[in-house]
Each structure stands twice: as C-alpha cells, then as structure tokens.
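Each of the next two complexes has chain A plus one other chain: chain B in the first, chain C in the second.
Entry: the complex of A and B
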C-alpha cells in the first residue's frame, strides 16, 4: 500500500461486500440520501450524552430523536411535521464526534431544521424575523462598521436594548461585541494586499533558507468576526503565515453560513456558500489551501457545505480547508519553534483555554493546550470539555438565555478556578460567552503564536 | 512534513489509553488518535480480568491462577501473568477503582439481576457487593425501562444471595421528560438543582432522598441505577446516604453509561498529566511502508493528514469496534491490512447454537511474543507495529469476561515495549 493506491476503507460506509445488491425501499429523490446514516444508528444513545441542551432543557428530546428517529418518522408518514423542538438544537455538532457508527447527526438536524423553517414556520412571526436578523450578522456588522463609534454606542444603549428584547426577543443581558475602528480588510488593503504579502513571504523564505519561489500560498477565510470585530486575530494570522514563508491572499468572501445553519436559513446560507466556494475553488485550483482562524468557519467549509449543498467545486474546497494552526502543525515545525521561543510583554501570562465545540469534530480540541505546553513565559490551562452554552445565536435569544448560562456554568466555574485571568479560545461567540460569564478578556491562540515566533 | 511523535497509538478505548499511558509514563513522546469519542461510555465501567475459562468453567475465584492454563494463543499467555499484574497496578493507580487489594474476583449485581464476577469496580458500586450480607433495597425509576428494580430483586433472590432483597419503583422528583437522558439526571444531581415537588422547589438530592425514605424499611443499603452524577458522584451518594441512614450504591448500566464516562474522564486526565497528546474525531485510513510503517494518514473531510512516528500501536477494537471488519468475502483488519486468520467458508465462522462456541468471537490478529501482528506465513508484518485489545484474536471476551483485562494488559505491554524501542 502506498500513497498512489488509496484504500477504499470507509469506516462509515455500511459494509456489504462485493456481491451485495441493495433493494430500493424508498422512492428516488434528489435530496442527500440520509438513509445509510439512519440505518447505521443502533440506538446506543451516546449522542444524547453529549448534548449540552438535553442536559438542562426538559423540553428537548435530544439528538437521537432529532436525527435518525425523526428521519424514519418522515419516511413512513407523509403528513409528518418536523417537531418544533428542532429549533432548540444549538447546532454545537457534538453528537457528530460522539457517534461510534458515523451517523451524520448534524446533517440530519440541519436538513430537518431547514425543512421546518421553510415549510412550517410563519415568515411573519417575530421569531422568524429575529432569527433571520441574528443569522445575517454579516449584514448588520457591515453596516455598523461603517460607523463603528456610533454603532458601539447605539447597540449597547439601554433603552434601545430594552425595546429589542421586548419586540424582537434578543436578550438585553448581553453586551453587543464592539466594532473595530478599522476592519481587517481595510488594514489588509492599506498594507498593500497580496503583493505586500508575497514580498514578506519571500523575505521570510530567504531568512529560513528556503527557495524564494517555494510553493507556499494560502487563501485566508477570515470570516465576519475577524474582519469587523477582532482584526487583531486576522493580522496575527497574516503575520504568522508570512513568518513561515507563506503568501497570503484574502479573497472575496461572505458569511461562512454557520449562524444560518443553526437557524434553518438554508437559502441564505446557500447564497453565501456559493460565493465562498466559487472564490475558494478557483484559488485551490491555483495551488492555494483555504485557511480559517475561526473553527466554526472551517467547520462550515469542511463539513456542512458538502453535507448540505451541491455546488460545483464544493468537495475540493472542503478537502483543502484547514484551521490556521492545524495547517502549520502539518506543514511546518511550529511546535519546535514554539518550544525554543519565549514570550514577554502583555501575553506573558496564564490563560484559561476553552475548546469550542466546533473544534472537536475537527480533532482540534487539544491543539492549543498541547502546542503551548513548552512555551516559556506562558501557561495555558484547559477549562474542561463542557460547552460554553452560547452556540452562536442560541444564547442571544431571549427565551434561550437562561439555558445558555446554565450550560455555561461549568465552564465559568472552571475558568474562575484556573490560574489565569485571561481567557483563550478560537471561537468568537464562545469568546463572547466567556467574557460575559467571567469578565475576562479573551484572546485567540494565533495571537499567542504571533507573540512567540514573529519578531 | 507530518504531525510527528515517537509513538502513535491508534484507538481511544481501554487498550489504546493503557498503551499510551504506559509509554508516556516511561518518558516517551506519545500521541493517541481515536476515530470517534472513546467507546468507554458504552462500557459498564466494571473491569473484568477473567470470570470464566474458555470451557465455561466458573465463576472463577482467582483469575490470575487460571491464566497459565489458558490456550497458548490467548493474549494473557502472550504477555504473561506478571505483566498482567503490572498493568493492573498502573490501572489501579490512575483509576482510583476498588478491588485491587485482592487477587480474588468480586461478585456484583448487574442491572439484569444476575451476578457477575469482576476484578475491579468503581467506588460507587462498592456498597453493592453480592457477597455482603446486608439487606438491600433496589430503587428503579419509572421511566427507565433498562432497570426494573422488582425484577432485579426477584432475580437476585432466586440466585440465592445471602441477604434480603426488595425492589421498588419511584417517579424521579421534578418534571423530567419520560426519556430524560442519563446526563440530565446526573446534571441535576451534580448541581443539586431545584425540582418542583407538589408546587414547592426542593434541591434534587433532598427530593430524591425524601421520595425513597419511606421505602427503605429495614434495608441497610440502597442501590440505584447508575445516574448519580457525572462530576460529583461521591458527594451525591454521601448526601443521599446521610438523609436515608443507609449506604448508597449504583448498579452499572448498559450504554450510555455514566460509570464508563467517568472512567473515560479519569483515564484521559491521567494521559494529559503524563504529557501525552491526543485527538479524537477522525479516522486513520491508510499508511505508507513495506515491513515498516513509515507514516499513517488521517482522513478529515476528504483531506489526508499525515502522521508519523517511530513506533505504532494498533488498538482499534474488534468486530464491534470496527477494528476487525467482515463481509461476505472475508475478515480483515482495515487500517494496516494485517492478516486475520479465518476459514474461507463463512458458514464455519459461527455456531448454530446462539450461545454456542462461535469462532467469530475469537477473530483478530495473531502476534509474536512482542504483540507484533503476524502474516499468514507467520512473519512479523511490520517491525514497528504492535497490537493491543480486542483487535487481537485467540480469545472470546464476552464468554470469558476478560475484555477489560486483556485490553489493559496488552495495552500496557505494547506501550511499554514501544517505549523501550525509542529509548
């Protein structure tokens, strides 16, 4: 066996042998075939033990029902309506990495939720309008970032928030994230864009003793939050990749779709995905890999896109998308550089690290803790495997706020016990929840890599 | 480039964890990868060494004494009794389990009402030993059909246990769903959250104790299905016990199992402390190398992520865990394509008697004395690959009650040996 002869081993595929001829039981359809997934479920209920919502919400029947059981009900009863509890699933996707049989639970939930919103939800209801606004964060953020000072004031203006809660069901308990004075893209353009990045990469390659024309280039999917709210994360990504000799480009992009999936707004998500896939697949053809700094963005491009949409080039984009630090761990000796580095200044401290749920399916939940183990001047402590409870837009809903905080309690408690008084995570909304529950400032692991290796 | 370590363990069950722990504690740089979350939460949380001989003799009093008489192909014979003892000592140290004070098997009641010989058990099960003669009340929860307390009591009584035993069923206090998850009960009790009882808010532990109290009568100990907390089980048992004036214990349950989940947490915590790295969520599907494993590939949404190491441990599980695959054409080990001995005629794979002696139960790779898988010709397949746990052939863990012990012992042996190679 070698690289040239990949095996056809797929642990998820039902194992039927060569002579097996399947019998068509259900009528043919153009939808994604969820039947093998439903059939693989042997009802061990391990998914249910991973569900942070079922642990606190007595109205929520859990992922096993939302996924394979509801799918079967739909096949046998033409009049079956999707149970409205699907809207209480926060789309943390923990059930995916729990299932020993490879049942595509989140794909089933996303599909059912999309169908519920499309066919059963009242489009004039407050809930629908509120969810639509929350999931189209990019639109609000792009307007707000034109006038960041005014937006920062207005969005957290008490009376306005009271009205938002009463009329729209957006909780007034939370502070809206602050908009940056300069977006990542504004910074990127002012800095000289891709040409400047190429020059920096070439300089690094020379310093590192690599050929000046080395084929090292990545396309950065910064997502909305690094662009509008935390451009420092995006800048850290660019600096770190250039340090390792990579040319960075920042192609045209829209929202990854993560908040839209969680709210069943699949048409919106598809519209955004088409733009993202189109610009990324062109770059992949030219030898670029797609890199995200937000673990929910990388999750969307890698897993949710090919599970939900049939767009030209989507599989290619999925298999060439990576989380930023993961990519460096595969291709560069980032661990070695970090071991021999030392951090001083404002990031030389102890961090309370929370692994986002969406990092888990990507196998990244231990990455930050293990990478920074031997970094002098810094301590990174894992605050446990609980969910932060915010799950994107979930914790912003007035009726979900208390559940969200109940889920988050375990993390808050562990954060308080951790030595550090600064938090760390890859996920922007987990960061909001961490800050909301503890008052800590929250940093991204890329900022620490930058502090360690970029001079 | 690739993600590098000195030792790479493929598999996150008891065997993989034991081998990663053993190697890391010997100072090796270890990475453990698991396709999905560890399957330990599907396990009862009891740790068996050997309950019955392959001929069905038992329950055995002393599992160690029976090991030298096992067939030469048995994994316990491969690693030897002394290694089994060392492995269990490591397990005892990291797990905090009971039973390590003696070589003798303990007898524990199961959720089906049978008695099971086992070598180690969690502290929460300790007050439930069947050899203990204190009178016992089992309490079931109305909506938890997996645990029918009156049935369990009748069954144990018929088995001749040396104590009076009764079973009662209650409604769990509060307004929980009929299909509430075990984690819902656990969370409520862990946080001692309030539940509504007759219009009054009462902390969950108190409400549960109050409901069971009138049923206790002369019983000196009370057994619940294993739902008593995930993070604070000891505090919950103590609180319930104090309020009822009895000892409280849990009866291990089928999947999803809180005792299994707690053991999983404990072992991963120990692995973290040992300095090892680990990740879950994606499978190893392929490798490079001829007679020597150069590197393996992890599949992530179509991407092939290379991982390389000096030594590898295969701990992917057996037929249930998908570490051994079968279809109509044959039986195979899917990651490294190691040879799995089996008859060409698939009608020879099983016995027509349901509880008969099924050859498939013993399917798995054959190894040399150092746990390295052997080809059909009896040669070592890869000089740097060892196998551990139920991917090994030559034993029937379900019939013998030896699954956990073989995983711990062979995992420990493979990890120790791999660590010695990289010194």
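Entry: the complex of A and C
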C-alpha cells in the first residue's frame, strides 16, 4: 500500500500526473486471487472420480470442492475461511491431469492450504509441529546423515517409534528410510566436483566423435533423497549424463518444496525455492539446463514454483527444467543405445514399474516402459495407473496411514501379479510405499540406464 | 370506519411488497396478488445495485438525496440482503474532467460521502481495473439481493396478517357505481398446477381500496377500468459473469451511456446496462449485440472481462413514467422519480391509486408515501415503522460464530448459507437428518431448500430465488433434478415433473445468451447429462404419471408367445 502513495497524499488533489505509476499495482504476495480459475470448471466431476483420496476417505469432499467451488464461494475479505478438509488432500495432483478444461486445481489447493495453515492453524498444535517436521525432511536428514549409523538405528528403534506415533502422530507402521554412509554431495566432492565431470564429459565426447567443446552442460537438482538416502541414483545420473557427453554441476540447493506445498508450509517452501531459483537461474543464464532425477522435484521447479511464487528468474528456471530421462530422450538417441545394449548381473531381471502421479502430470508415465522395451536381459512391466497412496508425507501421518495403504492396494496387487519381483519408479516416496506394501527392492530407471549403457 | 379497511395491492415486486408490509404493520387488512412469483417483473430483473445516489448526483439531485437516505435505512433493516461493497466512479483518460468534478460536487451537495482516489489507489482496491483509469470517486454503493429483500418484505407482511397470493393474475377490476371496489383474479392452482395458497379458478377479491403497483404493467391494469396510464417501458440488458472480477461496484464516470456499471453480486458480477424503449413489457427482442456491447464497453474499465466467462444474460423493463406534457424523446432523459396517480383526482374514479416510475433503492420510501396516502383516505393516523423494524432475517445478528462447527457445514458453504439466511440461520440450518449440499456452485444445502419449499410450495423457481440454488456456473446442470427430488414426499410425481420442467426451461432461457466459450461447454455437458441420464431430451413418460408399480413385479415370463424379442444384453434371446 505505502509504496503507491506519496506521503503527502491529499485526497482532493490526487497525484495523477503523467508518469506516476505505483511500484507494484498488484501486490505480488502469496495471496493470489484464484477466483478466475473457476471460470474453466463446468462441474463434470472427472477430478473427483480421479482423486485417490476421495475414493477411500468419505469425509474428503474432493478436488472440485477444494478447488473451483471453494474459490468461487470464497471472497477476498479476511473472514472467509478455508475449509479444513484441504489438509486431507495429499497433493498427488492427479486432478490437474484429469481435468479436461484446464482448471488450475493444484494451484488452488496449494494456495488454499497455505492460507489455511497461515491463518487458521494453531501453530502450537501437534498437527502443525508434526507437519512442519515432516515437510522439513531435509533438515532432519541433514542432521541424521552426519551420524548415519546411529540415525538408522534410532529412527527404527521400536520404543522411539512408539513415542513418535503417540506424541507426534507419525505412524510407527513404516520403516524410516536408511541414511547412506556417504551422501551424494560427499561423493561428488570427493570425486572432484565439476572439474572431474568436465574431464569425463570431454572424454566421452571424444569417444562419441563429438566436438570436445560441445555445449552440453546440465545442473543436477538431486533433491534431498538422492543426496541423503539413495546416492546411487545420483551417481547413476552423473555417470549416464557424462556418458552422453554432458558436464554436470551440482549447484547449491535446498528442498524442492514438494513436502512443504503438501503441508501448506508456503513460507518454508518459498525460502527454499529462493535458494534453488537463485542458483539455478544463474546457471540457466550460462546455458545449463536443470535436471532432476525425482519427478516431484522437477514438478515443483516446473509448475508449482511459477504458480505459487514470484521470484526473479522463476519462469526461466521453470521452462529449462527437465526430468533426467526425459531430457536424454529429447536430446540423445538413448533408446538406440539401449536397444543395442545388454544388461547382465543384478539388474538383469523383470521389473514391476509404477509411474508416479507427478510423472504422469509431466507426461512421463510411459517413458520407462518405452525406453526399456527392447533392452536385452530386462523386462519392465507397467503396474497400472493407480496412485501409490503415500504422496510424500501423507502416508507418514498416523491418521492417514490406513487410507494411504488402501489407496496403494491396487498397485500392490498389480505388483504381485507382475512377473518381476523388483520394483521400479522415479519417485522416492512411491518407492517407500512399493517396498512397504510388497517387500520388493525398488530401483530407479537411471540405475538401469547406467547398467545398460555405461561400461 | 367501523371495520379495518381491506386494501388490495396488485404486484409482487419491491414496490408492492413494500406497500403491503407498511400497510399491514399499520394494522390494515392487506391482500397482495402477483401474476407470477414474487419479483416476477422488473424487480427480479435488475442488477442488484444499492444506490448511494452517486449515479443521480448530477442529473437528478432529489433522487440522489432519497437514495443515500434509503441506502442507510436498508443497510439497517435489510442487513441480510445487503453487502456493503462500496462503489467507485472511475474516470478514463477520454472521460470529461469537468463531469468528474460535477459528480464530486453533486455527491457533496446531496450528502453522499465521496472521496477522490488516484488511479493507483483505485487499482489497489480493485487490481483488475484498467491501467489507464486515472482516478475515481469512492461512494457508499452496495449490492442488494432483490429476491431476498422482496421475500423478506412479503414474509413480514404475512406476519402482520397480510395475505400474499402469487401466481394469481388480475383479470379484471371490479367497478361499481363509478368506484373501484376490488379485483378478479385467476389463481394458477388446482389439480395439475402447483398449489399456492387458495386453490383453483377465479376469485373476486373485494377491497376498500386498490393499489396498482404493477410497474411496467400498470397500463394493463388501468385498461381494465378504461384508465390511461402511459408507462413507457424501457428495456435494459444485464449480463452475469461467473465470478466476481471486482468486489466493489464500478461505475463509469460519464454523463450517461450504455454499459457503464459492474455490480458484484453474491458469487457473480453483473454488467449493465442499456436503456431502450419497448412497446410491450412482456414481448420485446433480446438481442446478442446488447450482450456484446456490455462486455466490449465494460472491458475498457476491467480488461479481463473480455476473456471471462459469462453465465447468462437477462433483460428487465424499467417502468418509466413521465407526465404526458414533458415529452422526452430519449428514455434516458425520463426521470427516475416515482409518481402517485390517484385515479379519483386524476380520472374521477375513486377507490384506486397507481404508482409508477421509481427506483428499487427507494422502494420503502415509496411504500411509506403510498401508505400515508391510503391511510389518509380512511382517516387513519398510524405511524410508519418500516424504516425502524428490521426485516425477518435481519434481526440483530452480529454475534461472531463458527458456522462450520455449529451446523456441520464446510466453511464456505456455512458462510454463504448464513449470509443468505441472516438471523434465520439457526432455525433453518439446525436439522436432525443429514444435510447434503444440493447446489454445489452456490453452496445450498437440503435444509435451505426445504425451508424455501415450506415457504413457497412446489414452485422450484420460487425456491431458486430464495436460495440461489441453480444460479451458479452450471446453471442447474448438476442440481435441478436434486431440487426436484426435494419435493418428493409432499408432492406427487406430476407436480414434481412440472416444477422440474419449469426450472429447467427458466435456466436455459438466460443461458441462450451466453453460449460461447466455457458456458457453451457447460451447456453441452448439461444437455448430455440431462439427455442421457434423465431422458430430458425425449421423455417417454411424456408428462403422464408413470405406473411405477407395473415394474415392481418384473416382466411376466409365463407367456412365451415371443413378446420378449430382446435379451437383457440387447441381443436376440436365442442368439449365440
């Protein structure tokens, strides 16, 4: 407000002279007015029929209510509250891809949830504290990975878990993911960082008959999970990209914000997004593309950031972000190389592949199946289009655990029916759910690409 | 006078119910008759502006002064019908600075609180205003729901003993010994028709005095007693947007012209309007160019209107009147003031007064003056209390409450329900049984629908105006059959079907003028849903009651003479 008004404002003599325009007409805060999004909704309810939570939770009114209906009924004045049912949305974002009419459903949900948490949620409540801790997984993980052995023991120590469930509402049904003895970044630094990667890339280019100075460089957004829990995925990414002649950098980064959006912690998400956008946009300016190995991370950078925040460079980062395999399929003949390759050893087997909801939203749900179709020694079977049910932090909440497993039932069943006894997916939390429901070991498609093409 | 005089009021618009309420509160016997629903005429077809008086502050200061007075009264007595949005007169670069100053001055002269704000400030209040809006005058305009207001007035009149008859068309005025002594009405009720109040046929209503408050229809009533009441009906189009692009009433600050106002109304915004004289208040062309003009012209003030979704358009006819000797050519020059035509003084026919002209915002003041006039006829010296006594629903209701928890409703639905019901919320929303949402667009629950049915019977359009059910973006696509189902139990199948048909037709009527873009998709979906799941395109039952019992025992298989030639899967019974 104050930006726009001269301090000596006189209501009878308004400052309407030429050239006077306020610094910011539409205050660029997080409280977007999303009512116009309701114009696109014609109430067909396809979103509701595609919502995995509405299917198992009779108290959840579904995305049509959460999104276009609530926004249209709501008014901009402050005493219009957000219905608390928005906290039961798992942010799988399936409604976005289900909608035939382009209603910005997940943006409406994320914004409403942020407003609910900010304005209406008791900041001293167990639920708030629990959600805050869950959504700031990066912080817990960074501490735990300092002492991975101790953390792995403590986090899955029965009595401790019992206490966590009783006092914080974190389900004791699930096993906490193991922390790696060496994080991806530790490995990366020990390996020589960007310089080593450049050298490897140049070597590959020579081998591939490409110019040594080819403009092939990517900035890896590894996310928290590849860093602290599954560095093998991160290593596979680096190896594969270097194999195709790309220099990789691993810029400073924080959490993508995915678990924060899902818990309405938009302030936290913004803080992390600012760091990510700042470091990625610098690199994009230098000709790098941003690559994620986690489909939720790429989703956040591509869609949620520009929908929810106004940060300098955000659009540029969004339009230059890709999922790793997607990127290779665009720029390289990765399928050709895979067709002529053969896998032997521990990955020479049948996989039960589950496409994460967030991959689906980016149009990537068939890429693994298509890519590995003609790979000798390997079979990849799609286990269908259901949601795994965990949706990041959703399935970790004590009160949501049963529902999460009910949503996952279809996937578990199809995995059991699939030939393979190893699972495959791009999403770390889908992987947790797959493992939890079937006991299978779960691999990332990048690991298989690595096994196929990197010698 | 030995007995209480009985007054017949013709017309169930704002003027009619305002008069009926006033007279009833003063202790007179009142019967109000209306040919359709309450608000059937012009009242139900206005943009819902609670005037601050700003629009008349230059051209008609007497009206402007009345408006600001009544604006304050209505905020008080009709709080559940009013949303004080505030209003602005915005000036674009091409609009006259001189007129802007006149407007500001005029507001001050009429006692209308008015302030100038810069374009930047105006855009801070309303971010979607055009970037080149230079400045604006803020005034206390508001939004008012005409349906709710009229229903509340009628309910109050009833509480004070009045009889309200809707769907009762006046077919004749009874004139005896050169005096109007009552009316003859035809009740659209009885078997087959939906039942309202008195059932069946025609009725003679004898009255000590008749008030003709039929607005644009006043001439029709006058004709029945050979009175010449030259109302000059003038049509205006209003286009409803799916959402509120603005939360403040936006007026264009220029002398006069079409398409110069946007009123935020409940969940929608209403664009208005045109001013064009028509011959017949019931039969005039509704033309697409009028709608296009609204959107095009008002996009100059709010550019996003160009791309925004409209859900329907409707036309209203202003009951303009001017004394025959004025002779204005252009309907926009005809005064918005009202005229009380005492037919005794004017035409030597005692027993009746007509009221013509006037504005919705000052309906109560008009009612007061007519009631004074009528009371004068009978030497009754009763004080008018309509400015002090709140309408049903607007009684003191300032307690902050947690609607959601109290009524078990989701937050925005509870909020909307309570806004519509005002102080009646407790009584209506506290129900024993489950209370599902019937109309999702407007957040109307079963309890509110049932409340409306208990007031207005089986007429679903009457339920609609009371609740806003079916008035949202799907225009009844998802809820008309649900609303019809709510009639079940009390009303039999034939009545329910007829009410359902009427509501559907009414919803289609306005949508015809919005069939492009998103609303076209909506209409196509509605059509498909209604045709494929409800047989609405070609109902084999054809309106005749269906003998459901015939289906209960299933098909009789004892007769194998080949009547059943199709198997359950659609193939031949003996096919392989």
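Convention: the second predicted complex is superposed on the first by the 417 of 455 C-alpha atoms of A that agree within 3 Å, B and C clash if a C-alpha of one lies under 4 Å from a C-alpha of the other, contacts with A are read in each partner's own complex, and residues count from 1 in each chain.
Here, a residue touches a chain if its C-beta (ideal position, glycine included) is under 8 Å from a C-beta of that chain, and two chains touch if they have at least 3 such contacts.
Owing to the predicted nature of the structure, the values given are computational and were not obtained by experimental measurement.
Participant: Please indicate which partner A:243 is in contact with in the superposed arrangement: first for chain B, second for chain C, both, or neither.
Facilitator: neither
Participant: So, A:35: does it touch chain B (first), chain C (second), both, or neither?
Facilitator: A:35: touches chain C, not chain B.
Participant: Looking at A:61 after the superposition, I want to know if it touches chain B, chain C, both of them or none. Which is it: first, second, both, neither?
Facilitator: A:61: touches chain B and chain C.
Participant: If you stack the two complexes on chain A, which partner ends up touching A:44: first (chain B), second (chain C), both, or neither?
Facilitator: Touch partners of A:44: chain B and chain C.
Participant: Tell me which of chain B and chain C touches more residues of chain A.
Facilitator: B
Participant: By the touch definition at the top of the document, which applies to A:75: first (chain B), second (chain C), both, or neither?
Facilitator: A:75: touches chain C, not chain B.
Participant: Could you pull out which residues of chain A sit against chain B in one structure and against chain C in the other?
Facilitator: Residues 1, 11, 15-16, 20, 44, 61, 65 of chain A touch both chain B and chain C.
Participant: Touching chain A in the complex: which residues of chain B?
Facilitator: Answer in residue numbers: 1-3, 33, 35-37, 39, 41-42, 175-177, 179-184, 187, 191, 231, 255-256, 261, 272, 275, 277-283, 285-288, 298, 300-306, 321-322, 325-329, 334-335, 337.
Participant: Would you mind writing out the residues of chain C in touch with chain A in their complex?
Facilitator: 115-121, 123-124, 127, 131, 134-135, 242-245, 247, 267, 304, 308-309, 404, 410-413, 415-416, 440-443, 472-474, 477-478, 518, 521-522, 525
Participant: Give every residue of chain A touching chain C within the complex, in rising order.
Facilitator: Touch residues, chain A against chain C: 1, 4-5, 11-12, 14-16, 20-22, 25-27, 33, 35-36, 38-44, 61, 64-65, 69-70, 72-77, 80-85, 101.
Participant: Which residues of chain A touch chain B in their complex?
Facilitator: Residue positions touching the partner: 1-3, 6-7, 9-11, 15-20, 44-46, 48-51, 54-56, 58-59, 61-62, 65, 97-100, 102, 302-303, 306, 315, 318-322, 329-333, 360-367, 370, 373, 382, 409-410.
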